[in-house]
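Chain naming follows the written order as A, B and C, and within any one chain the residues start at number 1.
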Amino acid sequence: MELTLKEIAGIIGGTVTGDDQVHIKGINSLEQAERGEISFVVGPRFRDLVKSTKASALIIKERSELYRGPQVIVRDPYLAYARVAGIFAPSIPRYPGISDKAVIGEGTRLGEKVSVYPFVYVGRDSVLGDNIVLFPGVYLGDRVTVGDGSVVYPNVTIMSDCIIGREVIIHAGTVIGSDGFGYARDGEVSVKIPQRGIVHIEDNVEIGANNAIDRAALGRTLIGKGAKTDNLVQIAHNVTIGENTVIVAQVGIAGSTRVGRNVVIGPQVGVSDHLEIGDRVMVVGGSGVVQSIPAGEVVSGFPTMPHRLWLKTRGHIRRLPKYSERLRELEDRVKELEEELKRE
Amino acid sequence: MELTLKEIAGIIGGTVTGDDQVHIKGINSLEQAERGEISFVVGPRFRDLVKSTKASALIIKERSELYRGPQVIVRDPYLAYARVAGIFAPSIPRYPGISDKAVIGEGTRLGEKVSVYPFVYVGRDSVLGDNIVLFPGVYLGDRVTVGDGSVVYPNVTIMSDCIIGREVIIHAGTVIGSDGFGYARDGEVSVKIPQRGIVHIEDNVEIGANNAIDRAALGRTLIGKGAKTDNLVQIAHNVTIGENTVIVAQVGIAGSTRVGRNVVIGPQVGVSDHLEIGDRVMVVGGSGVVQSIPAGEVVSGFPTMPHRLWLKTRGHIRRLPKYSERLRELEDRVKELEEELKRE
Amino acid sequence: MELTLKEIAGIIGGTVTGDDQVHIKGINSLEQAERGEISFVVGPRFRDLVKSTKASALIIKERSELYRGPQVIVRDPYLAYARVAGIFAPSIPRYPGISDKAVIGEGTRLGEKVSVYPFVYVGRDSVLGDNIVLFPGVYLGDRVTVGDGSVVYPNVTIMSDCIIGREVIIHAGTVIGSDGFGYARDGEVSVKIPQRGIVHIEDNVEIGANNAIDRAALGRTLIGKGAKTDNLVQIAHNVTIGENTVIVAQVGIAGSTRVGRNVVIGPQVGVSDHLEIGDRVMVVGGSGVVQSIPAGEVVSGFPTMPHRLWLKTRGHIRRLPKYSERLRELEDRVKELEEELKRE
């Protein structure tokens, strides 16, 4: 595929300085771009790279004197990069039709132009939309819904009755709809509470590799529209994740917690059960959230505190041995003062 | 399926007040229950819900005046809910017999009424009990034993020689019997120590999704009867987990550690290698266990301390910046006092 | 297989005291060794076991008077154990040739003596070396390279264009080459940045079970020669792991971080993005690395500090409630002193 610079500028809402008829056939980093590719300038480290890049055009925030070729001026070059890269990205390899080495259960309906690879198993009475791709080793249970344009990568398991929206991407090895971890205790024995709810994943969600998202005990576990999870994320039963929320790798969210919209949860964070995390909250990586957090706060630490406080606090932790010495020393000096005063 | 309230009361050891001949065809939450379903009251938030529920009967600890229908009085309504829900739970969908798209190795013996889905691979000389279910994508190696009534969900891997007991449930994506992480160092190079032991999972164990349970170097990694693990749990080689112990999501237990019976290990806990965790210990989520813990203790923090101490301690951590100021101020005041006394 | 003790001594560079013509057919622990097996003595707990072992020979650092049979004296008995166990280890079960229940894409070339189990899927134009083993449920995308002698365990996913070196072992359930977690924000919406790079795993690497190793945005994610990862490890896009580095279970390494050679990263450690971890660094388990670490340091804590400092510091944390009391008490005493002096 090739586009003129003018066409690219149109797509990303930019202004061209220089020749807008240059033909562009790809996008790459400043170092790796070749003749015919466009590149992009994000952050302050670019100075020398701009001088030496072989790119045929640049996406940039302010026109650079160091580059002689045409430049597309945009407000957010990183976002523009994402959009242009999306256009040039190779499309996902699609199996042509439904492999005769796949198994599709009775009563299951498939849309148009689906791609079902060998060794896919789909249960009964499922509904699969147009243009979906199911890679090898995918298991879909009975009565599963997958919306138009969704891609399910290899060895993903989606248990019965779960609902996957449109344009959803689920990376390899992920499990959706496994039983929630619920038991009643009968003396020393754990009695399993049947997990009869579902997982509902809304449109435009992307789920990373080797996630585990449990079905609800009753009702549903919900991943809101546009939310994204990184790899090895654990989402327990009856959790709700709000729209456009971003959850980084190895996070665990315990049962029935409600996470708001546009929240960012950093890597390896743990969130306790039955909490409310407000909209636009940011939880810094490695934190442990054990109480609800009002909308808009930035928190970190274990247990979490305002991030600014944690930044101040954490430096003090390593000074504790010194503080302890100073405390003891002060006690000695005060004792001496007290004795001196007594003597007088 | 339908039961009379009398039959249900018999099963859960309860006493009926009101009409015990009501027919019950399911169990649901107070909000979601419909006519013909029974519901249950756990905790103090039920008052309004009890008034408005459409359930045809209630399981409850003490008779409520706010509900007009029949009530089953039991000591532990949550446990009673688990039992009744277990009765009404839809059974696991079973493939009828052994799929001709499954591969069963030579010398492998299967019990009665087994359900082996397409794309299951079983190695040689394995022994699979009655009524087991192997979902698509399950791999069992050579000489694996799976006891009667066990269910292995999709894309689970059980490597050679491992022993799975009766009525065991293993959720999707889990790996059992991968090599333990053992190397000897030869200068800078890690020389692999062959992992020749097994994993032995006893009866009534439930293992969550995407766990990794390594085989022993020599001998066995043991998961005791009735133990339960949540998702994304790591259990290293030669670990022993005692009976009825509960391990919540994303916990990691390092090599050769022995965890006792009826232990509860909260989410994201790490336990170091070669430790002894006594019976009935509780480890609060997010803790790091770096020393053995005597039976019956409740611990938290990193490194762990008695949980009560941690509850006191953690509030002080965020006050460290203040304490530091107060310490400095005290030093100034003491210095002044000392100088004043000297002047006199 | 059987070897004489002399042959074994030759392989591990040891000196035999006693009969070097004893035939050895296996290696085992002191407790479990039987007649005909050799055992090994590591650490100080062996005294009684050496007396009572049934092993026909010992590998040991210094000759023991407590054992009557022949002994092989070596500098590092643990390393010698690894080598001898490697010789006697049962070989990996190999499917004879390429199963007709596997699917191999057009243009893919396979080496000699490959073992491809049923339900393996390999895409187009891939290159698979001699003696490789692909277990059931393995997915290899298009243009994947796998070097000679590598073993890929069940249900592993390796996405398109990734490069796997020679003598690599990848344990079950692991995902290699999933998309890195990269988005540009357009207001509240996350716009996916196509992940067009690859994962390159060099020779002699061993990857644990249920890992997730993301492909680079551009360029490559690199796992250097001889590196080892344990289970449930997360390696983000564009990370570099140096040669012979060891990464224990549940570690997460964020995007573009460069980890040096011969580094050891303990369990459940998190490492932030865009950091440099120097050669031979050791990060103790449970730590959170938020800044670069110079070569050779041993660090722990969250955020990390020199491990010796952390060992001192962490004891103080649990004494914070006491320190707080002592601080308040001191303030009272100083106030009293000040008032007393004022009165005089």
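Everything that follows uses one rule, which is that a contact is a pair of C-beta atoms (placed from the backbone, for glycine too) under 8 Å apart; a residue touches a chain by one contact, two chains touch by 3 or more.
All of these numbers come straight from a predicted model, not from anything done at the bench.
Just send me the rotation angle from a CA overlay of subunit A on subunit C, rounded to the nearest 5 degrees.
In degrees, rounded to 5: 120.
For the copies subunit A and subunit B, give the interface type as same if over half of its residue numbers appear on both sides, and as different if under half do.
Subunit A and subunit B contact each other through largely non-matching residue numbers.
Where the centres are mean C-alpha positions, what is the separation of subunit A from subunit B, in Å?
Here the centre of subunit B sits 26 Å away from the centre of subunit A.
Give the residues of subunit A that touch two or more other chains, as numbers and ranges in rising order.
119, 137, 155, 173, 210, 232, 250, 268, 302, 317, 320, 323, 327, 330, 334, 337, 341
Which residues of subunit C touch subunit B in their complex?
Of all residues in subunit C, those touching subunit B are 28-29, 32, 76, 78-79, 81-83, 85-86, 88-90, 93, 101, 117-119, 135-137, 153-155, 169, 171-173, 206, 208-210, 226, 228, 230-232, 243-244, 246, 248-250, 261-262, 267-268, 285-286, 302, 314, 317-318, 320-321, 323-324, 327, 330-331, 334, 337-338, 341.
So in the complex, the part of subunit A that touches subunit B is made up of which residues?
103, 119, 121, 123, 137, 139, 141-142, 155, 157, 159-160, 173-175, 178-179, 181, 183-186, 188-194, 196, 210-212, 214, 218-219, 232, 234, 236, 250, 252, 254, 268, 270, 272, 288, 301-303, 305, 309-310, 312-313, 316-317, 319-320, 323, 326-327, 330, 333-334, 337, 340-341
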